[in-house]
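Handing you a structure now.
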Amino acid sequence: MNTLEPTTTLPDTAVEPAVAIEHLQVRIPVDGSPAPVIHDVTLTIGRGEAVGLVGESGSGKSMTARALMRMLPDGAEVHGAIRFEGEDVQEMSPRRLRAYRASSIAMIYQNPHAHINPLRTVGDFLVEGLCQVQKVPRREAEQKVVALLVAVGIADGARRLSQYPHELSGGLLQRVMIAAALATEPDVILADEPTTALDVTTQEEVIAILREAQVQRGLSILLITHDLDLAGAACDRLAVMYAGQVVEVADGAGLVERPLHPYSAGLLAARPEIGVRARLRTVPGRPASGFEVGDGCVFAERCAFVTEQCVSERPQLRSLEGRQVACHRAEELDGVLLPLADGPVGADAPGQDKEPS
Amino acid sequence: MRSVLKNVIGALVTILVASAVIFAAMQLVPGDPAAEIAGTDATATEVEQVRQNLGLDRPAWIRYFDWLGGFVTGDFGQSLQHRQSVLTLLKPRLGATLMLDLYATLLVAVVGIGLGVLAARNRRMSSTLTVVSSVFVGLPTFVAAIFLIQVFAISLGWFPALADTGDGLASTIHSLTLPAIALSLSWIALVAQISRASFREQLGREHVQTAVGRGLTKNAIFRRHVMRNGAAPIVSVISLTMGGLIAGSVVVERAFSIDGVGAFLVQSILRHDAEVVMAITMLIVVVFIAVTVIADLIQLAIDPRLRSRGVDR
Amino acid sequence: MTSTGLVTPSPRRARRLRSGQPARRSVLRQDRVALGLTIFLGLLVLVALLAPVLAPYAPDETDILAASQGPSGAHLLGTDALGRDLLSRLIYGTRLSLLGPVVVIGVATVCAVTLVLSSVWIGGRYDRFVGKALSVLFSFPGLILAIVVVAIVGAGITGPIVAFSIAFIPYIARVLRPVALRERSMTYVNALEMLGVSGWTICVRHLLPNIFPFVRAHVTIALGTALVDLAAVSYIGLGVQAPAAEWGLQISTGQADLLAGKPWESLTACVAVLVVVIAVNILGERLAAAAQKEGR
């Protein structure tokens, strides 16, 4: 079987999306009592679409991905719906859940050295999904993964099969992880900070491999990253997350050129620009985690445009000009946020309020 | 392969040092074997004649190398008490002790690791193990032996109180069951505790998350990603166990009147039979060091990182 | 009090100052079980000391007519094959059964603490040599060492005590070393060194008190192990010799009666060993947990 053949499936948003998450809420037990880590996540991934989930650490990105795999920590409380091609992931039987994990969805992790069993060969890891779950004969599985290794840029795949993970560099091993994810021909790939542990050139190659897999195989991809530029380059759409909530969803270019949420603007301002030797600016204040925020907007404490309403009432994600944003003042701030990328956050903005009371 | 060689050479050096220590120690054993053999009413010249015949008049270092050379070639010398070759005396007893120790090792490995697996996968089993094992870990071998004899040999009559290792494999195994259990109980508890902790630790590792995310069954995950990964501390503790079992079998052989190497060692010490004591302690040292080396080699076989050649880009 | 203690009080001393109570008592005050076990072990020592007062009979007083009897009004635990009163022998047995392990652990602890503190303090080649020697010794079963020593000095209580005093050094040293190393690297030790306080003074006045809770916990646990090992040597016939009263020996001599359906001698001695070992183990674990907590 030649898996390198590009599939003809094109992105098709008319039918049921590959993944639909609606008003997801997750609480996990911290010292015995449940603490919220995800407040409100609504997100769809179309078939063949690449979506970037962007936010700082602790914003609940990884937790969202884990919820999608139904791999939350023991004792987690989940509200809201997580659907894969219309089927509720929360309702799956143990057998169905294993089948779903085995062949519908695959995850690529940040640290391949920790996430691949160090005592088994690379070949064992690559064919495990095929041989153990899908019961493909070992020889056939090996042929398939060697071809996939070529596709991810490892030419001498056959030799690599008998090596151990510690004998491979991080970049090589991350390609192995991608090949392993592709081997079971899933519909959706979740990539959780797949390039964070890699050097810059390797980062670009890995992203290119993912992008190619998406286009050639009609894969849906959820790319989780804190790197806005990377997400913009690799994805069709971006979702910005803060403190357990999705605060803005837009296409990559739209977000960068005209952010609608103050936090998105802050993230844009904070990113380092190549060739500009300015002092790195950050979003003022400390990033909050899900269990720290009160009743109001999750970003209220750090927002330069905060009002009474922001503190008392949580804004919902709503549509605005073909995009989605969760901000009470999105219409007012439209266009005003743009210069933030060049000036100090909050300067010259209309209706600057005092400290939130 | 270099690390294997290093291990083996280290072991040989240790054995050599131990042999010198044992030989030197035995020179301190009180009593003059020549005088004893010559008899109480022998004259000084007769004793001297015996001494010459036995080669005991030669310098100690020559006798040491003589003895060591003999040991290496399987000649363990002559027992002066029994007037027989030590090897002849040891052979039948070696079989009984070997059976007992292997039986006990098997029990420790199978039951200990088995309980560890169950406890790592089941919360209720785990808390039961915590309570039960803390009692058994401290249980002295001879106390266990007495309790087992009282309950299973005398009250219930299921097993013999005096082990008979003579006729037939089945009856030997049957009569060695209580001794093996007495010998292994505290080690089973220890191995169960260690393996539970080790498997638990592996279950929390990232690579297990990866396996869960791939839709493997719990059994497959445990077999492929937990057992072998958690094996290193278990191998160490089992190698320690085998050393402990050798010492413990001296006690158990006394408890069940087994005519094994341990009982023979005690007997020979009380009779000042230096040749036998040297041979047996030397054997114990060799077995002991061999177990340690084998354990190290197993660790090498388990973990490819220990025999690594570095990153290959 | 030296002025050095005022400049940088050691953490333990600082805690003691803050809490306003002597730290030495605190574990037993907070932990009723530990307190109860300590009292129990104290009573046992008292039993050993007062054996002639407490025992209803002399330990070697034979009464052939009343041999191998079960418990009765005259003999609360029964009699052995020579008609000796088992309760009295058990009471007298506490003397040798407890004395052995106490001597062994006492000697081993002094040696271990000295070795650990000196090797941690001096470091370098000496430290590596001590570490290597201890690890080789640790891997060798103490019982076998005891047997070899008995072969030289002859059966009796001396040989096993000498052998186990050596064999237990690594048991204690192994646990203390990391604690002492951690303590050594603390800033207050550094500060004292810079003030010109001698290594000896720092070790004895500061390091030693600070590792004391760990020493106490592990010495307690090792005491139980030593008791079992010494009883085992007597049980196999190489330790305490008849007609002395000692638990391990009693278990051994009682075995003939046991096989004849009269288990009293062996069983009572077994229970005595077991009770002491379990008490000592639980106490040791409690003390270790407390030391761990305090060390943080």
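When the chains are written out, they are named A, B and C in that same order, and each has its own residue count from 1.
Please note the rule applied: a residue touches a chain if its C-beta (ideal position, glycine included) is under 8 Å from a C-beta of that chain, and two chains touch if they have at least 3 such contacts.
Model, not experiment: these values are computed from the prediction.
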item	value
Chain of greatest Cα-centre distance to subunit A	C
Centre-most chain [mean C-alpha coordinates]	B
Whole-Å separation of chain centres (CA-atom averages), subunit A against subunit B	55
Length of the line joining the C-alpha centres of subunit B and subunit C, rounded to whole Å	25
Centroid distance [mean C-alpha coordinates] between subunit C and subunit A, Å	59
Subunit C, residues touching no fewer than two other chains	none
Subunit C-touching residues of subunit B, taken from the complex the two chains share	14, 22, 25-26, 28-30, 134-135, 138-143, 146-147, 149-150, 154, 161-162, 240, 243-244, 246-248, 250-251, 254-255, 262, 265-266, 269-270, 272, 274, 277, 281, 284, 288, 292
Touching residues on subunit B, where the partner in the complex is subunit A	205-207, 209-217, 220, 224-225, 228-229, 302-305, 308-313
Touching residues (chain side subunit C, partner subunit B) in the complex	136, 139-144, 147-148, 150-152, 154-155, 224, 228, 231-232, 235-238, 248, 251-252, 255, 258-259, 261, 263, 266-267, 270, 273-274, 277-278, 281
Residues of subunit A touching subunit B in the complex	69, 71, 97-103, 106-107, 109, 111, 114-120, 128-129, 132-133, 163-164, 166-169, 172, 184
